[in-house]
Amino acid sequence: MWKLPRHEDDEAAEEEGIGRILALSDGVFAIAITLLILEIAVPATTSAADLPKALLGLWPSYLAYVLSFLVIARFWVTHRLAFRLIARDDAALMWLNLLLLMFVAFLPFPTAVLGQHAGSPAAAVLYATSVVLASVASAAYWWYASGRGGLLRPDVARAQVRAMRARSLSGPVFFALTLPIAVFAPYAAEIVWVLVFPLTRMVFSWFFAQEHEQPG
Amino acid sequence: MWKLPRHEDDEAAEEEGIGRILALSDGVFAIAITLLILEIAVPATTSAADLPKALLGLWPSYLAYVLSFLVIARFWVTHRLAFRLIARDDAALMWLNLLLLMFVAFLPFPTAVLGQHAGSPAAAVLYATSVVLASVASAAYWWYASGRGGLLRPDVARAQVRAMRARSLSGPVFFALTLPIAVFAPYAAEIVWVLVFPLTRMVFSWFFAQEHEQPG
Amino acid sequence: MWKLPRHEDDEAAEEEGIGRILALSDGVFAIAITLLILEIAVPATTSAADLPKALLGLWPSYLAYVLSFLVIARFWVTHRLAFRLIARDDAALMWLNLLLLMFVAFLPFPTAVLGQHAGSPAAAVLYATSVVLASVASAAYWWYASGRGGLLRPDVARAQVRAMRARSLSGPVFFALTLPIAVFAPYAAEIVWVLVFPLTRMVFSWFFAQEHEQPG
Amino acid sequence: MWKLPRHEDDEAAEEEGIGRILALSDGVFAIAITLLILEIAVPATTSAADLPKALLGLWPSYLAYVLSFLVIARFWVTHRLAFRLIARDDAALMWLNLLLLMFVAFLPFPTAVLGQHAGSPAAAVLYATSVVLASVASAAYWWYASGRGGLLRPDVARAQVRAMRARSLSGPVFFALTLPIAVFAPYAAEIVWVLVFPLTRMVFSWFFAQEHEQPG
């Protein structure tokens, strides 16, 4: 059976830290977030009279742009919070992080499909599935780093680890729950997605508050 | 009512500073500024004889490219000046900054529309509106950081804060004022926009000089 | 005969280190990895009924996306390991690194060809050749830095240098060996490529273990 | 008359250095160098039999890709050398640098035209003109920083300044000289361009050697 040969990576990692992992990650986040706009095609109409209508007709693309910008920004915010608590890296963390980046870099495609096929169940299902995959990868690196990997800074409180775990699960769970909505009511699913962010925030705050018996 | 749960972000922010916010921002600025060129399509003519005319006929796209490059560069210059004075970040600053990045990353689209539909009021109005939105987001993070947020370095003078506030308002105000021009005389609006930069510079210098009674 | 005039670059290099080489490299890796998605075109069908079939029909593009993401990620992982051991740069290292970046930045094109012409020997040969060229460049900078260039940190063990050399050769050798498969059985070649990663990993570990008489 | 109000920028610059200017510049260089590949379109033929011929027929695009990669890499190498000697920035240096970035970010467009219209004088003239403009901007920031701006580190030798000035002029002068060749023999111009790099290198080394009476 194949297992990750971690030795040579880990040794070097302990010496120099995680600077280049963050540099590559910030690069991919910044590019994925900025490439979204390339998926909105300029209307090919030539008459100035038809242009306003054509531009307004692109509203599903604008909505998909805003939605995916927020989704990717959210992954970046979580990434920044998590890597503040991570002291070291190893090969497993590096590849789990690359898995997250692979799914994040994929998101412009389902975003474009959603923008051009608004109201299509297939587009909504593709979108929700893609976000679930990215969310699972986002949860995976945190669970590994805070669990078996043992890569956190020594001063990180158990309560904070558990709060971040709840937060990391809130994303995949909520998007997975919207999959049936995406099949039967694609427009409703989009509206629900825009609401996911404050909801997961609240779940996180509530969980964190329970641990501490003080507001998080 | 929903409010920003700031605790967990703020705590970490004070420890590690704003390096990754700047990394993501510089990435988005650099990409948005470089993606502009992708919106200029190579003329599909096949005969070498027609190519010169086709290339020259793209002048509205070249003009839109230069205009948007300067607009985005301007946002970056302001961002750099502002974040030199900002000592700490919190969740609100981070999301206001992401709002700015969302509007900056959107600009290649109105730029492409402007290049392909020069002289169309709809294209000019879309462009002016997009820049106004980005300018408002640019003003918002500075007003928050220098006001309620209280995130500035302790040694920043009140006069400098007020000067930067005037500067931050000059952008949205000037572009908003050009909206009626964009409706009735789209070409005139483009010419005015190219002149906005020295104008807003002068407003800023004048305001700063008044505070100090010395040239800014 | 033309030779590399290295003096003026080397002098400066020893003073300031290799920070900007890494910044440019991480940028190119991040962009190449993220641009891959732009090569997957949104199906132009308009009916919602045909969309699921059209999306599923893109599976060769999805496979090519995952494959190239892993290939480029692998080059980055090797780059990170190698530059941890490199203490100084000179003009030759800088240009060999730029050569690697040139081939890495080229990879989105053969990836797109492979995705749109799955099962075509020409597409598979183009892909394998491109990866071999990038792998050779990746090996070249390491052999130069660890050999004639003498740019490594003084504390790097000979065994580690030799292990990294074996690792650097495993990539080009494996992809070159798949060239005949690509000609006669393009689909088989793709399956083999996905298996190359653990294989080269194992070769590296085996070689490293031989040197040390302990697991690598 | 309008002049650059430099005060507020300069003051801050002296405090914090030029880190973000380099971050934005490296970002634009990395993106421009990587976007080049997007300009090579995948052949639209559907039959596997025609694909090899179609791929080989793209050779002018491959040549243009390599040429522009080297041109942009060259600007980056010069940029890195120059900014190692620059200690401070001011508003003029920042805007001259942004001017360079504007012309560098423009280069993917003439590259695409050259790749798709090989042998067309218009394409060759557009390409040469674009590189001349970028080269002039590249020379401009160095002449300003090393001259009127007075932004160099105090320990930089006059001979080194003069050598870098000769180097900075070699680019625009050589590409300007090829403009007539581009008009009458576009293919010859491309061949000459590939040779420009070692030539300008030699001019630089020769000039530097003269100053020092020792090989550069």
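Residue numbering begins at 1 within each chain, and the chains themselves are lettered A, B, C and D in the order written.
Here is the rule we go by: contacts are C-beta pairs under 8 Å (C-beta built on N, C-alpha and C of every residue); 3 or more make two chains touch, one makes a residue touch a chain.
What you see is a predicted model; the values in this text were computed from it and never measured.
Q: Determine the shortest chain-contact distance, in steps, between subunit A and subunit C.
A: Between subunit A and subunit C, the shortest chain-hopping route counts 1.
Q: Would you mind working out whether subunit B and subunit D touch using mostly the same residue numbers, over half shared, or mostly different ones?
A: Since fewer than half of the residue numbers are used by both chains, the interface counts as different.
Q: What's the distance between the Cα centroids of subunit A and subunit B, rounded to whole Å?
A: A distance of 26 Å separates the two centres.
Q: Give, as an integer number of Å, the spacing between the C-alpha centres of subunit C and subunit B.
A: 37
Q: Could you list the positions in subunit D whose residues touch two or more of the other chains?
A: If we look for residues of subunit D contacting two or more partner chains, we find 23, 27, 30-31, 35, 38.
Q: List the residues on subunit D that touch subunit B in their complex, please.
A: By the definition above, subunit D touches subunit B via 2, 5, 7-9, 12, 15-16, 20, 23-24, 27-28, 30-32, 35, 38-39, 94, 98, 101-102, 105-106, 108-109, 112-113, 116-117, 119-123, 126.
Q: Which residues of subunit C touch subunit A once you look at their complex with the stated criterion?
A: Residues 22-23, 26-27, 29-31, 33-38, 40, 42-43, 48, 51-52, 55, 65-66, 69, 73, 76-77, 80-81, 84-85, 160, 163, 198, 201-202, 204-205, 208, 215-216 of subunit C touch subunit A in their complex.
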